[in-house]
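Pasting the structures in now, so scroll down.
Okay, so chain A shows up in both of these, paired with chain B first and chain C after.
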Partner chain A sequence: MLKTSTTDVVPEKNVQAKQRHGFRLTAKDKYFASIFLGPSILILGLFVFYPMFKTLYISMFLTNTLGKTTVYVGFQNYAKLITSPDFISSMWVTFIYVLAVTVLTIALGLLLANLSSQKLPGISIFRTLYSVTMGVSVAVAAIFWLFIFNPSTGFFALLSNWLNLPVVNWLTSPTNAMWAVIITTVWMHLGFTFLILLGAIESVPSTLYEAADVEGASPRYQFFHITIPMISPTLFFVSTITIIDAFKSFGLIDLITKGGPTNATNMLVYRIYKDAFYSGNYAKSSAEAIILTVIIAFFTLLQFKFLEKKVNY
Partner chain B sequence: MSKYKKLVIPLIAVLGILLVAVFGHSLSVKSADNHNRIPIVFWHEMGGPSEDALEKVVDGFNKSQTKYKVIPKYQGTYDEAIQKILQTHNTSTSPAVFQAFDISTAQMLHSGYTTPVQNFIDEDNYDVSKISSVARAFYANKGKQQAMPFNTSQPVLYYNASLLKKYNITPPPVSPSYSDITRVAKELYEKSHHKVKGMTVQVYGWFLEQALANANAQLANNNDGHTGNPTKVSINNPDTVEFLEWIRENIKSGDFIDYGSGASAGANQTAGFLSDKVGIFIQSSASIGQLTKNNKNELGITYFPHPDNKKANGVAIGGAALWISNDKPKDVQRGAFEFIKYTLKPEVQAQWQKSTGYLALNKDSQKTSILKDLYAKNPESKVPGQQLATAKANYSNSGILMEGMQLTRQLEEIAMETVYNGGNIKKALDTADKNINDNLTQLNRANGYN
Partner chain C sequence: MSTILTNVSKSYDSDKTVLNDVTAEIQTGEFFVIVGPSGCGKSTLLRMIAGLTSISEGEIHIDGQLVNDLPPKDRNLTMVFQSYALFPFLSVWDNVAFGLKARKSTSQSEIEERVNEALKMVNLEELKDRKPRELSGGQRQRVALARAVASDAKICLMDEPLSNLDAQLRIKMRQEIYALQRKLGLTLIYVTHDQVEAMTMADHIMVLHDSQVQQIGTPTEIYKHPANEFVASFFGVPPINLLPATKINDQTIKVNDDFEMSINQQVPESEFQVGIRPNELMLEKVDELTANATVKSVEFLGDEKIVYAKMAHNDLEIAAIVASDAEFKAYDTILVSATEKVLLFNHEGVNITQMEAVVNA
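This part shows the complex of A and B:
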């Protein structure tokens, strides 16, 4: 209603004038534009663009004990980071973590969602159980898993003592610590992923399956050729969310491993935090933040370019 | 829409209750107070049982006079608090008096954000001779007291005396060498048929620094920074190697259990010790409170171990000091100093030691009935204080007065973790050496020190 009335109000001449001169704005247009865009420009500028440019600025200096910029060094901070084996290993660790978390979360979520979409008596109990981790906060999850991983009194340690197996050092060996963090993160994300995927599977029209049954297609064929294509928009959404969440992982790392042992779980975000707020090296952490921004922008672009085309809307 | 209508009223009710709870609380706090008390905001980093003990100290001060009111605010870990203190300076949220840990001393000193407590000591002719000189020296610069030590600890070695008795193992001497500890750890592991691990040393840079101090070795040049700003660090030295080789030997014979680094490692090893899973561990004397309260076993305590062929040089103190910010009006700073004086009273320090395990800094505290009762009940709790008293202060055991110590610790811990996981000792230390020196050079350049 509103739409049509506004187009009616615009005089014919005005429209023609706009067409002739491209995007020239009248004073009235500018007035309305500033009213509508002003608040968001102000807020974005204050809370997004100013910090962003300030970060870029700081990253080209050295910062002193008080966190103030002192010596201009150009791109030296970046050069140092890119050539530092520590930072390179942090990048690898982050990629492995993001990949493992995304793949495992989606695979397990899909499995559970598919299982609990069966029409069986009592299935709603399982649906509730599988989605229960959605209500668990990061701190609670971390403490819960720390109890499980404790090498002398933890659940895993007691279990392997009981079975006379050697105790696994979950949090002190670099490879195991990585798994410990991945397991915990996947466990945390599973509830949400499961719920979203279950909703998508449930909304696939049953006529498609009925037709497939008539044709004699196997359940596996139905899953890969009906379910997966039909829920692909949801899969795309869930994978994007999980990747972004995994890149941003902070709480679990801080509470479980603090980036250790030997930097094995020192993801980029955690490294930025530690360099800034533990070591007080704001220049270094600003440079790291800029690098992370570029990486995430790159992946988002990639995802939209390639994955989106394959999605069946 | 009608679906949500049902929710609107409960939602408003919940919000209303929250609002009343939040504002009502702050209102009641304001009205209950005496109107003309000067508020002294005090930032600290004491968590758990120590926080309760600290709040009792603050309550005691607030009741002892009517002019000031100290408001304690917990700020998380020592590491995180430093940046908060530096970044909030000159704002309305900044504290009037704050607790900053040992290794941030150089940073605080150079920040220029604090008023040296020496100014107030001179004004009041306050007698500091009763306060432990080793602890005072740690926070003094060129004869001027910058901050006042408050919670001071010593790293000590704890062992499970009941377990040693059970398996007929001779306990370690009061000042043990590395091989004394290895012997006990191995015997415990073997005689318990591998049910009890012999020992652990938490991955903690502080312990590595203390091992150097106890071997009379220095980490940074210019006498660990006491005679000038450090320009070079040498962590790859024979004493670090010996310390790590000692741990490596125990890892190889299977009697060592690795709990990793950080606060969760500290909690895990305490849990392991209290549940008879590990017999020996090194920790701050501030853990005594926790270890005596929940322990069904008899607790044994010795000094920090020293290298086999060397006499113990004594370890540096740990813990934190109270600093006064210079961005607050005179009367607030004065109140902050009154509070500091109160915290150092003999009874306050004695009670503080009893409830936390931090050492009483006032010499008169030893004469109080609080500590006399404590020693009668737990003779072991005397040990950390004795270790502090027997050490003669020199440059090696007075801490490292260098900026960038937080990162230095992280790098030390990475080296330790590498070794614990089977890495080459020399190589791990070389990497640490290079990274620490890189950071130091850059920090000195950024600060314009050279």
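This part shows the complex of A and C:
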């Protein structure tokens, strides 16, 4: 890029004429552009694009335990994956997890945001409390919830004892472990979702509600016929963000269940990690990574498409 | 069967009064305009009638029923907002139908009939499938009107509905709103800061200033017999000229130490203010020695001219309306005098003119 820019010297007059037409860059422009773009191209290239293409490359080979490619096999790794019951079940687990996390996060976020958009004294205390999880790191949250889930000293166990109910084994039963991970993830996401939705609800012009009040619409009717349509672009935005984030959940799984019990919480990302760094099966794990990338890319594209159309109006 | 406000007050804190002791009776079917400068509490008063703002003191009765604690939807009224309050995600048709659908007490066929009728009345039938953002300001305004019409409420409140429109459209919509009100026999309570809107449309005007009702009356009463200096200067363009005056004898006063004039009533006090409408002033071009004012600027308005002049004493300025062929220009020295049709105000600003005198003048 630098090379072309130094040879591409044009007379002064010509430059102005070209600039007036728009897109032609002068040598100087190109020089500065490359200086500004340089760092990000370097960093993204080294840590994002290179690994990505390398992953794609590895996924078409067999590898030895050191991760070196041995035999070219084309799409056989993919073919094996989509016929493997193990992988299919992992996909299912992931989809259920993502769905539950998204639905619960949005529903709870919307509920809390709607509650705290009421003009009541002291409401800002609740707003702060609801959004406080934004400042908690994954590791801290995981440890914190592990304490809560602990079958002998945890909060849930104590609560069950106190109410004379049987103690739930949160992390040892497959179904419960899934719920434990879902609850923790929802808790982690809630602060952000709440804050974004609160912002959206607050920015709905109050005269719309006043007009509806005068016209005789009930609060419930107003919520579903004014608030929801008015914040639909934001709702769509937070859903996509939550979906993409949930697909990428790793830290919580690693710290709380390690994919267990019996693979019940073995989501795609965790599977990729284990296949590569525990089993040394780099080719398989690369193919899985590419599949995950495609899924996330799909949701990202969906978001771009819809955000352009502003969803409802 | 009317809307009655009795000693209505609004205060947010103990020391911050927004409205003080408003009493008025709004007759069924009349066009009632609440007018005043920004911050006088006129929108607050309207919102209190609508039920969107609580009433601190006093009572509001609508059709004989005390409505102080009644929610807006049970007051059988409709409201047009300054921002129109249209739902951006709904079509024109659905916007108009919103209230009818929300109330759930109207059948589908009746909703359709009433919405179509309302849209027809404001000439929006062809645009019924458009979204608000695809409409011009005037068309949006009409959607808001159609919504009020479709609701079938007998009382319609409007909060500065024309202030977002350009001048020409404002005049057009003014006539449309007036025609609609007459056609439907609506009780229309209309808030504006524009004295021209108030004068042109109202059956009765309430003038609000400093949280207080200054005067309630027909446009003629308000203009001819203003209760005080504020009302006198709020109505009329350019505003009335207020000048200090002293008594010379029973029938003669001296205005601003500049000119003497006789008035056809007993001079009440030794010192007071005299209010002279711009069209009651008479100007004459004279030499410097006899002049009592200097022209500052002249505005040509077609049929007439407005002459702004500085009086010789007290640094006071006046505005006078003269025929458009009168030749005045800046720095002309002039002699100002006035007809007998003047208003007198005491030192508290209260109108002390003997009304018969003015009426007969």
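The definition used in the following text is that the second predicted complex is superposed on the first by the 249 of 313 C-alpha atoms of A that agree within 3 Å, B and C clash if a C-alpha of one lies under 4 Å from a C-alpha of the other, contacts with A are read in each partner's own complex, and residues count from 1 in each chain.
Rule of thumb we're sticking to: a contact is a pair of C-beta atoms (placed from the backbone, for glycine too) under 8 Å apart; a residue touches a chain by one contact, two chains touch by 3 or more.
A quick note: this is a predicted structure, and the numbers were derived from the prediction, not measured.
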Query raised in the report: Does chain B (first) or chain C (second) touch A:64, or do both, or does neither?
Result: first
Query raised in the report: Which of the two partners, first being chain B and second being chain C, lies in contact with A:230: first, second, both, or neither?
Result: second
Query raised in the report: Between chain B (first) and chain C (second), which, if any, makes contact with A:293: first, second, both or neither?
Result: neither
**Report entry** If touched residues of chain A are counted for chain B and for chain C, the larger one
**Finding:** B
Query raised in the report: So, A:208: does it touch chain B (first), chain C (second), both, or neither?
Result: second
**Report entry** Contacts of A:169 with chain B and chain C, given as first, second, both or neither
**Finding:** first
Query raised in the report: Touching A:217, do we find chain B (first), chain C (second), both, or neither?
Result: second
Report summary line: As the complex stands, chain A meets chain B at residues 62-67, 70-71, 86, 146, 150-153, 169, 171-174, 255-258, 260-263, 274, 276-281, 283
Report task. Write out the stretch or stretches of chain A touching chain C in their complex. Result -> 205, 207-208, 210-218, 221, 225-226, 229-230, 232, 312-313
**Report entry** Residues of chain B defined as touching chain A within the complex
**Finding:** 79-80, 82-83, 86-87, 107, 110-111, 113, 197, 203, 257-262, 264-265, 268, 271-272, 275, 277-278, 403-404, 406-407, 410, 413-414, 417-418, 420-421, 423, 435, 439, 442-443, 445-448
Report summary line: The answer for chain C against chain A in the complex is residues 50-52, 71-73, 77-79, 81, 83, 85, 87-89, 98-99, 102-103, 131, 133, 147, 151
